[in-house]
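Below: a set of structures, written as structure tokens.
The same chain A turns up in both complexes below, where it pairs with chain B and then with chain C.
On to the complex of A and B.
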């Protein structure tokens, strides 16, 4: 399966580069309306046609992919950092703090993920600027997705703290922050790294679900959620097949993440 | 009995914590305590003052929480601001629909996931394994909302979507678990002695994997409930998921918090039941 992983990573790199260069590749801005061409079929000018507001679909796909593909890792980084701090301190300190953290983790893991997300999203204003809506959506994903990673980190930190090299470090006078920074954190890196990569496709899927339900990124800024929301206006599969391109790209990109992560995923 | 009490206590503490968090969310939400009736120009200053006074009693967070908890103990989950109906009535109307969808989804997801995992492990054919992994992979990469939209376009029953969301997770976990169990020394010995595939599976592979599969059952309930929101909202199924979506759009926090708490309670019950079953199975084996 090594070749499959290489192909997946290469595909992700190409898509990432295309999204980074969206300003140069895209034929128009994601918000520009060609008012005389609403719902146009694919042509030389508009490779994937235009949407019902006359916006170029290919441009929106590039910019939307950029939003989802670059902010999902940012959310994953936030959740991994939270997991490192919460789970790491719980495993390191142990005792009542560990019990409290594990109880909070249990509570978070028992809450159905989407119920929790929409409850917290509803607490925040829905009529915010598009940029604020992007930041709110991904910050929420990052802030609420730490529980599973914290559990893993806590368990690893506990094992590390009981190991011989930590005992030796303590005996040579290494305590507190120095011990954490020099000995515990470097050994927690692999599990945090794995959790970071595993979170990315999960957050991409969650953003898509929120976006389709109208609780994600606000218009006119595109994201995968808002692009896939267009499918709602379909009545048949054959009417405008090119409109399925965002969905196909979405499935391929998330599959590539899963393929690339196969080594990172933890055994049963 | 002791384990049962431990699970009960854990459930109660989690619910109290969840209730506190929910009450805090409701209390701190912007616009809390502001009554639309205050905008009625026919009301006198005295009436407006009386309206404000009625809200002021629960102004502090601890006071509000105590009031919230006492209402919960009496079975009063509050009133929906957007639908102007008691939350308990809305739940009584909608919960059976969601339970039906989740039950059907879980049955379909488990049947499909477990059957494909067994076929994939027992056939030992790379072609079968690749095809089943590919199928599960496609569904794993699809948001529940997209699957729901595709089912609406195809005029297929929306309830099945929940099964297709649960299926890849069951398949992947069960396949890894069964592959590991199938390579245990006693299974290899049984095979070498000429025991048939079905017998090996039923007598030697499944019993070893059963506790972990039972533990997965609780997790799959949470997955199915979470997927119920987009599925019911987009397939127009009048369940709790659709209600939660409407409440989120209308910023009806009292209703949302009550729904989240009820669903969390159901998930916790399922988790505790699967844990108890898995533990008793392990003890039985020991």
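On to the complex of A and C.
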């Protein structure tokens, strides 16, 4: 498993580097429409062919991977922070506050999040640039994805607060923020770390789902969701097999995250 | 072991024979797919595509619009006459006809059907087309075979409206399930299929005296997934696909070119428009852009419609000219041409309104960056692609267009209630040739006057002129006068561009080689409009 993890991390690093350098590697702008070459097969000019509007698929894959791969961790960070604040305070304070927060969390978990996302997205202002839309999409994912992690954090915070070392810290006069900063948070770190890593592939998948519904990142900016939409018609299977490259990359990247995550979960 | 085996042989034989029998039963059967469950079998209440398919195949009508010639032809009525004031229509009915259950057909059934259609409690969508004014509809039967129907106010295109009116029996215990059309509903498996059997009392015969329709039964499989429908067509499990989009059509051309039919440009259009509602929450400077004719025309001329038709619809569409498609042979104003793609002319028009290019971006005379959103419904890939191409075309004249896809209910909420949008790209599915059916779009007081609906008084002089012309064409039976008025409305719309018409899609369908006499046309239903005359090879056994 160690080798598998090393390979997975190395793969993620290579893909991450390629995405960072997309501006230099991509043979064309992700938005440029070669209108005389729609749906072209792979060639020297277009390594993965062109899409239905004549846009270079390889360039779109690079930029789309950059969008999904870098903004999913950002959304995961946001949701982990929210989980830390909400779940951590609930577990630390306990009593009626914990009951209220956990009831709200349960309510949040019971909501059909995909519909919630669609509804919230429909309420947002329309006139935003594609870049803003991608930020909004992932911010929404981050803001709506904290509940499960908050439950875990709350449970852990409660256990920590009842532990002997916290009792000892309190007996030595450590209270409030100092207690949280010095004793509670360092011990919550592993669970938050694990939640962060777990959330990344979840948010990548969520964005892909939204993109497949046509409600993800706005055109012309690509993302994995919008790239995977090309596969919604299964009759393209045999006709244009190169269209599968985004799907294969998506599966491999999410699998690599899971492989990398297995090691991270061990301390928890 | 061998004894056991031979004990099973009769059972296996029985199973094989029953399958063979099922196949034999399906011979001389036409199969195709409905994309949704029919919502009702009551012809007065039908509004969805699936129910309308059932109505077309089972309902007997007094007159039928020939989908190929676009002319009315007699059906249950031998002849008919519309009064000068277009309030009254008289039918002389064929004699000796019977419903599918054997109940005789008479003028009483026509009167009953009209009564049902106009019953305010029933809210019949078909009846709505006849509601032209307050008051009661009077039916008067002169014997068993003559009937006169009088409406309280003139109804434009009155006789053509009867193409949609399936006559129901006043006396049959089977109610709406007793029909006068070529087929009757023999079996309905909810969520799965419908089986229509040949109506034994159907009145039509071919020239040789052979009873019509030729095909004994029609099986309608409920199948939402278009991919599966295509696979089933290629495998021979269904006989045709009534309406294909460009992508599937091209795939079919590569797989089975003999099956693919492109009947040419259809009545449907794709268009975009800007929000001109005075009370919308848009800033004033944007309202000023959108109400400017020069701005709208500049946007129109900056859009490459040829590219939209060629790239998005793979050549199976035509740049649109007006609100009436060229497929509508009589009403289309043939003196109009699509707006030419001319970005220099677009910039010139913008300059007339004080717009200028600054650092590669277009700004208005007060310095505001020209940026707006184009909303369209999520999930419609053709509209999303059009919007993306328009985005690039407009970028060439310095405009920044943001494409936003919305789920359909949210989009409808924005364009009909909150008016919180800037531009919208949608399509219009049109089944009716008569322009009067679009009164609810073109009158400034109409709710569907999308760019600025429900106006108390027309906001502009050209909208007032359109109101006047539409009322004029609706109040006369003189076809020449009507045509002049409709032509003028098309000219005004072409000049003012409240709707920027983009393309008219082609009507494409797929028909198996097993089906004969099929002549797909642009009007719905494209393939089976002449269902009576279709035949299907019955030598090929189908998959059960």
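What we mean here is this: the second predicted complex is superposed on the first by the 254 of 268 C-alpha atoms of A that agree within 3 Å, B and C clash if a C-alpha of one lies under 4 Å from a C-alpha of the other, contacts with A are read in each partner's own complex, and residues count from 1 in each chain.
Keep this in mind: a residue touches a chain if its C-beta (ideal position, glycine included) is under 8 Å from a C-beta of that chain, and two chains touch if they have at least 3 such contacts.
Since we're looking at a predicted model, the values are computed, not measured.
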Combined model on chain A: chain C and chain B, fit or clash: clash
Partner chain(s) touched by A:164 [first = chain B, second = chain C, both, neither]: neither
First, second, both or neither for A:251, with chain B first and chain C second: first
Touching partner for A:122 - first (chain B), second (chain C), both, neither: both
Contacts of A:52 with chain B and chain C, given as first, second, both or neither: second
Which partner, chain B or chain C, touches more chain A residues: B
Partner chain in contact with A:218 - chain B first, chain C second, else both or neither: second
Contacts of A:112 with chain B and chain C, given as first, second, both or neither: first
Partner chain(s) touched by A:208 [first = chain B, second = chain C, both, neither]: first
Location of chain C clashes with chain B - one stretch out of 19-27, 451-459, 487-495 or 505-513: 451-459
Shared chain A surface residues [contacts with chain B and with chain C]: 118, 122, 126, 213-215, 234-235
Chain A residues within the chain C interface of the complex: 31, 33, 35, 38, 52-54, 118, 122, 126-130, 133, 213-215, 218-220, 229, 233-235, 239
Chain A-touching residues of chain C, taken from the complex the two chains share: 227, 230-231, 247-248, 251, 254, 307, 310-312, 314, 371-373, 375, 378-381, 384-385, 387-389, 391-392, 400, 402-407, 410, 420-422
Complex contact set, residues of chain B against chain A: 10, 13-14, 17-18, 25, 28-30, 137-138, 140-146, 149-150, 153-154, 173, 176-177, 180, 212, 222-223, 225-227, 229-230, 233-234, 244-245, 247-249, 251-253, 256-257, 259-260, 263-264, 267-268, 271
Chain A - residues contacting chain B, complex: 103-104, 106-107, 109-116, 118-123, 125-126, 201, 205, 208-209, 212-215, 228, 231-232, 234-237, 247, 250-251, 254-255, 258, 267-268
